Amino acid sequence: MHVGAVKTDRPLISLLAYDDDGIEEHRFQGIDESRAYRPQHKRLWLNVYGLQDAEILAEIGRRFGLHPLVLEDILNTHQRPKIEDYGTYLYCVARVFEYDGATRTLGSDQVSLVLGENFVLTFQERRSGTFEPIRERMRIPDSPFLQHGTDYLAYTLLDAIVDQYFVIVDRLGDTAEDLEDDALASPTPALLKTINLVKHDTHLLRRAIWPLREVLNGLIRGESRFFSADTRLYLRDIYDHLVHVVETLDAVRELLGDLMDIYLSSVSNRLNVEVRILTVLTTLFLPATLITGIFGMNFQVMPLLGEDWGFYVAMGMMGSVALGMAAIFWRRNWLRL
Amino acid sequence: MHVGAVKTDRPLISLLAYDDDGIEEHRFQGIDESRAYRPQHKRLWLNVYGLQDAEILAEIGRRFGLHPLVLEDILNTHQRPKIEDYGTYLYCVARVFEYDGATRTLGSDQVSLVLGENFVLTFQERRSGTFEPIRERMRIPDSPFLQHGTDYLAYTLLDAIVDQYFVIVDRLGDTAEDLEDDALASPTPALLKTINLVKHDTHLLRRAIWPLREVLNGLIRGESRFFSADTRLYLRDIYDHLVHVVETLDAVRELLGDLMDIYLSSVSNRLNVEVRILTVLTTLFLPATLITGIFGMNFQVMPLLGEDWGFYVAMGMMGSVALGMAAIFWRRNWLRL
Amino acid sequence: MHVGAVKTDRPLISLLAYDDDGIEEHRFQGIDESRAYRPQHKRLWLNVYGLQDAEILAEIGRRFGLHPLVLEDILNTHQRPKIEDYGTYLYCVARVFEYDGATRTLGSDQVSLVLGENFVLTFQERRSGTFEPIRERMRIPDSPFLQHGTDYLAYTLLDAIVDQYFVIVDRLGDTAEDLEDDALASPTPALLKTINLVKHDTHLLRRAIWPLREVLNGLIRGESRFFSADTRLYLRDIYDHLVHVVETLDAVRELLGDLMDIYLSSVSNRLNVEVRILTVLTTLFLPATLITGIFGMNFQVMPLLGEDWGFYVAMGMMGSVALGMAAIFWRRNWLRL
Amino acid sequence: MHVGAVKTDRPLISLLAYDDDGIEEHRFQGIDESRAYRPQHKRLWLNVYGLQDAEILAEIGRRFGLHPLVLEDILNTHQRPKIEDYGTYLYCVARVFEYDGATRTLGSDQVSLVLGENFVLTFQERRSGTFEPIRERMRIPDSPFLQHGTDYLAYTLLDAIVDQYFVIVDRLGDTAEDLEDDALASPTPALLKTINLVKHDTHLLRRAIWPLREVLNGLIRGESRFFSADTRLYLRDIYDHLVHVVETLDAVRELLGDLMDIYLSSVSNRLNVEVRILTVLTTLFLPATLITGIFGMNFQVMPLLGEDWGFYVAMGMMGSVALGMAAIFWRRNWLRL
Amino acid sequence: MHVGAVKTDRPLISLLAYDDDGIEEHRFQGIDESRAYRPQHKRLWLNVYGLQDAEILAEIGRRFGLHPLVLEDILNTHQRPKIEDYGTYLYCVARVFEYDGATRTLGSDQVSLVLGENFVLTFQERRSGTFEPIRERMRIPDSPFLQHGTDYLAYTLLDAIVDQYFVIVDRLGDTAEDLEDDALASPTPALLKTINLVKHDTHLLRRAIWPLREVLNGLIRGESRFFSADTRLYLRDIYDHLVHVVETLDAVRELLGDLMDIYLSSVSNRLNVEVRILTVLTTLFLPATLITGIFGMNFQVMPLLGEDWGFYVAMGMMGSVALGMAAIFWRRNWLRL
């Protein structure tokens, strides 16, 4: 079972061993290399980016005694967040999101977390920076972090995931606020597409966050012995955060609903302004048409008809009435879009 | 009391006996056949699909000591979810749903569940796959499932029912999202019908789910001795799930309400666009009509009237003004639907 | 104090005496008759339909030691649901509703309930079937019901009242759903009237149900010694039911609010369709009018004017243009309502 | 310090002394008069209507040992409801409302309540009937009320204030319901003004009620030793009432929001009906104008032109077409507002 | 480290030392000056306005033993409200707001609060009056305030911050109410801008308040030993206040959402009124145009054509019909905007 040079498209295994005495970090090029390695510290955090190499997973599964069902679930990256107690370890599925500012798209990835007595395993399909701040906190010399058990590490990882939800929800909220101005000023179909895109993103987020809430609820109610009473208090904090995220997300969803209303009203008002212009145009022609009608009547005795300049007087009347009306409408701003 | 070959339109009785030592499964062609059968294991799960044969029910009722009222309730398949404590057993009514993707209709069926000390009886009118995964989990050799009592089995059955609600609510949510695009692009009466259909489905679901919530609430509050304290903890999970389903369902209902607004606004805007086109057409004719009016006036001295090519000049004027205006409107997209 | 033959417009007094040993029922033609009667069983339920005969009330008041204020409240049938503790008995006011399917109206009646240690008194102005199922449950031989105290009877009566709320709220919900189709298809003023009627009914229900919730809340919190701890658990169930009714009612109210929006949008769209037809008609006349204008010009040299068939060619042009346009509009469905 | 004959614009001091043995009532014309008076009963309730005479307040403050800040707060009648613990007494500010049916305006007044061990002081700027029912309950001979401490009196006073909120919120709700019919039938600017007025009233109420909720919450949580555990149970009732009032108020606010929507939609539909009538009028003239155009063409050979009765035939055609169309529109109700 | 005369753009350091015996206040021109100063009282409150001089912060950090991360956070004034426990002291970040009535803008500033056993440090970028009332309460001779520990001071400071939120939310609410009248009377784009501005302000406030709620929640749940049980009860009050602020803020946000709807409906109705006027104008010209058409027909025998006064009769007819119609429309108010 050989894994070559680590490329972006190759799995990346990193091991972080720590305890009260200190910390050591190691990146493995392949699973073979890792076999020879003996960590100096008691508690382990093994992180795997990239799940395409089933061999690696199988080996990790063997060493940490994972159930085949867990390995299956790690590979099947489209699951609902959930938590499962396998007796000697806890298997937890969550979802991380990354918002790409350039393409304005929301990418998501499944995080599988296995919490045993002295180890935490995390698996993700793509590399992400979500856990980097935690590594940095751990690397600080004499960090109090190292004195906590692996349950605290698991809490920190979950916390980092939830913190990222905040960032993304805030960004979606900002986008929604920006769109509101556009919806009033230029309600184009392109804008509508963007509104629907953001709506879809909030939908995705909600589906990922809601079940996580239940997961945490279960952990807090003390159904699991993997978390110490102290750490369980912290889980309560994450729960509070999640509630906050969900409420903020709902506010964004509401904003988007309002946005749709504004968009549709805006389109409607724009159409009405256009119809008003057209009606003004119609009205401008009416008096002129009436004048031509008058001088088209067949009375034997009619003024002006016999005069040489009669025609020009009629044309002048038409023009002046139309211009006068146009001036009135112009001052009322009825000729502008 | 004979039941012939099991056809789709004939009742199907399946027995699953289990305890810590193992599991045995049996399907009976008729109730006679079952009389001779003696299960080797202590705990029984008897499932009946098809309620048309009252004899079968009566026989089951006699053997398990069911009250005639229970048998009546099992046959009357249009009840609200409820739970009733008959002293030696618990009778529970729930409702399962199946969404037919082809016909886009939501079918529902009543599940009657009787939980006694060492048996669980389930009754459904139609065959459904809802309980199949549970059977498979039980068939796994040395499954820890077999070590739990029948209360745990009852919990698992309820859980399977509630899990299916999720699937259906998610599907309704997806349908609602799809309809939104249609509501904006092509607001047809057919779409409106579909919206109302989905609305009706959410209504049905809500009626089935809400009372179940109360049922579970009662069980959790410990009014029943049929569930052990451990299993009651699990019931709490189902309750959480139900709350989640109800909230998601409400979100879908809200979405459908918004959809109706979007549909109506969309129809209104479409009508306005059509009126704008008609008004543009009217406006295009106005200058031409004015010109005919001008040359129809009866002044004795008028330019062009005496020239041979006068008529064609007038026609040219009409055409060029109309074309010029049409070009302006075209560039503004006022002539497109 | 004599009360003649019991007619619909005469008060109807029925007594139900029961205890662990059995049950006896009696209907009295008058209050005199009741004086001679000595019930064999300990617990009493006295029900009075019709409050017009103050003598009956006064007599009952004397026998059961009711405070004059209670008698006054029983007669004053427009009170808010409330509960009052008079030391030796509890006085409770609730409201029952009956939905008349024929006239589509919601009638309501006040129920006064007095709960003493060994008696329950109920008073209603009109006869209703609300309590009939309870009587039937009590008549079942060896019914476990009879072993409970009068507090359990009081609970059952309250439960029956609340159960009826469900039926009515569901019916209002169904009506609201039906109206939605009408609101889209034919938004007539008559429909609007119906919407407002149903709205008013939900308003009435809400006013009756809300305070009952507080009443129950008080009972559950244990402020009253009239309910045993066991029965208080059941009161919790009623409370849950009431919360459910209120939520369902709110859903109906929301539906009605949406309905009003749909009605108004529907009216608006219908008006727009009508305006579109009128505008199409206008547009159909435009080319014909232009053609008459053209052939009405006074150019000396013009084609067709001198031909015998010129007029008919012009008429043909008019007709064919109008028909061509009408065909286009017809295919676009712009000529249909 | 003399206070003359009690007029409406003069302060009115009333003293109510009571204990288990009985009750005595006294109204003072001035503060001097009160000095000589020695109440026979232990518990005192001193009520002052009218705050313009600072001397009275100062004297009361001296006798009951009130802090100058409290006297200041009593005089400053625009405070938020609050509660303050001054060690030997509790100072509480609430707000009473009175709805004037004639002028349809909502007046409000600050109530200051001081609760000491054996006394309750209440101060209001204007006379109101809010506390009258309490006085009457106390006057009933051997009223159980008299056996409770002053904390119970304080509770009863707060309860009376909150009960009045109900009355006013219900009246606002009724007004809102009435306005709905008007909004549909005759959406005039005057109606809009009324809607906004009621909206403003709900706003005022909300501001008074919300902080009171917090005040009660504090009392219930047991932060004050002035209320016995028994009375604190009653405070819970008031809290429930307040929650109910707030919910009902929110329902009214929502109703008013809907009302605004209905008003605006109603105005819009009315405008559309008017535009439809105008468009119908336009359409009625079109065929007639076309006919005049046809007979105004200059073809040399045209039917009817040479006949003596030709003109009348043409006029008849015009009239009959217009009448025919008018009949059609009339039957469709398109000519009615 | 010298700090010159205190100008508005220079940091301002004020020290308030107090204990049960009394209080002393001192303002330092520079940090040097402060070195020589020895406070007579045990508990210290050091307040710094202006964070541009890093030296001052560094010195304070050294003396009170603050972690460099805390100093960094104090200087970085764009953080989310949070609380951090550094073992010997608690670091808390909140946000204060000031509403400038003149420019109608909402300014905000970060407040950093450090709570140690015997000291409270507060840091703000700009001077504000938020804490002035607290200083005045402390200066009152023999104020009971002085007997509380620094945790009580910290509570009071947080309370002052939250109280200010009330003021600002109420002001935003008033602004929103004012805007509603404008939205109905004159829906201009300028108004729309103001609505969006206020909306943005509510958004800012919400972001500041929400996390503070979680911070307080954490403190109340007793995760910190810095607050005594007594003071923790008071924190509960602040929490209640915050909940109230958030609910009021949500009401304002809802109001603003409604406002947008009213604005858009108002614009729409105004447009419709304008289109109605234009349509009325069109209608006024129709009969006149028909009359000219009639007298323009080429029948050989037509009434009036041969009369000298015929033309004037026709003109009179046109004028009187138009005036008659205008009168009708005028009485219906269809000619007014």
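By written order: A, B, C, D and E. Residues from 1 in each chain.
The working rule: a residue touches a chain if its C-beta (ideal position, glycine included) is under 8 Å from a C-beta of that chain, and two chains touch if they have at least 3 such contacts.
Quantities reported herein were computed from a predicted structural model and do not represent experimental measurements.
Peer 1: Shared interface numbers for subunit A and subunit E above half of all numbers used, same, or below, different?
Peer 2: The interface is built from different residue numbers on each side, given that under half of them are used by both copies.
Peer 1: How many degrees of rotation map subunit C onto its copy subunit D on CA atoms, rounded to the nearest 5?
Peer 2: Copies differ by a rotation of 70 degrees.
Peer 1: What's the distance between the Cα centroids of subunit C and subunit E, rounded to whole Å?
Peer 2: Computed from C-alpha means, the inter-chain centre distance equals 44 Å.
Peer 1: Just give me the whole-number Å value for how far the CA centre of subunit D lies from that of subunit E.
Peer 2: Subunit D and subunit E have C-alpha centres separated by 27 Å.
Peer 1: Identify all positions of subunit B at which a residue touches two or more other chains, and write them in rising order.
Peer 2: 261, 265, 268, 272, 275, 279, 282, 289, 293, 296-298, 302
Peer 1: Classify the inter-chain contact topology: is it line, ring, star, complete, or other?
Peer 2: Contact pattern: a closed ring, each chain touching exactly two others.
Peer 1: Would you pull the subunit B residues touching subunit A in the complex into a rising list?
Peer 2: 173, 177, 180-181, 184, 233, 236-237, 240-241, 244, 247-248, 251, 258, 261-262, 265-266, 268-269, 272-273, 275-276, 279-280, 282-283, 286-287, 289-290, 293-294, 296-303, 334
Peer 1: If we count contacts the way the header does, which residues on subunit A are in touch with subunit B in the complex?
Peer 2: Residues of subunit A touching subunit B: 192, 196, 200, 203, 206, 210-211, 214, 217-218, 221, 223, 257, 260-261, 264-265, 267-268, 271-272, 274-275, 278-279, 281-282, 285, 288-289, 292-293, 295-298, 302, 304-311, 314-315.
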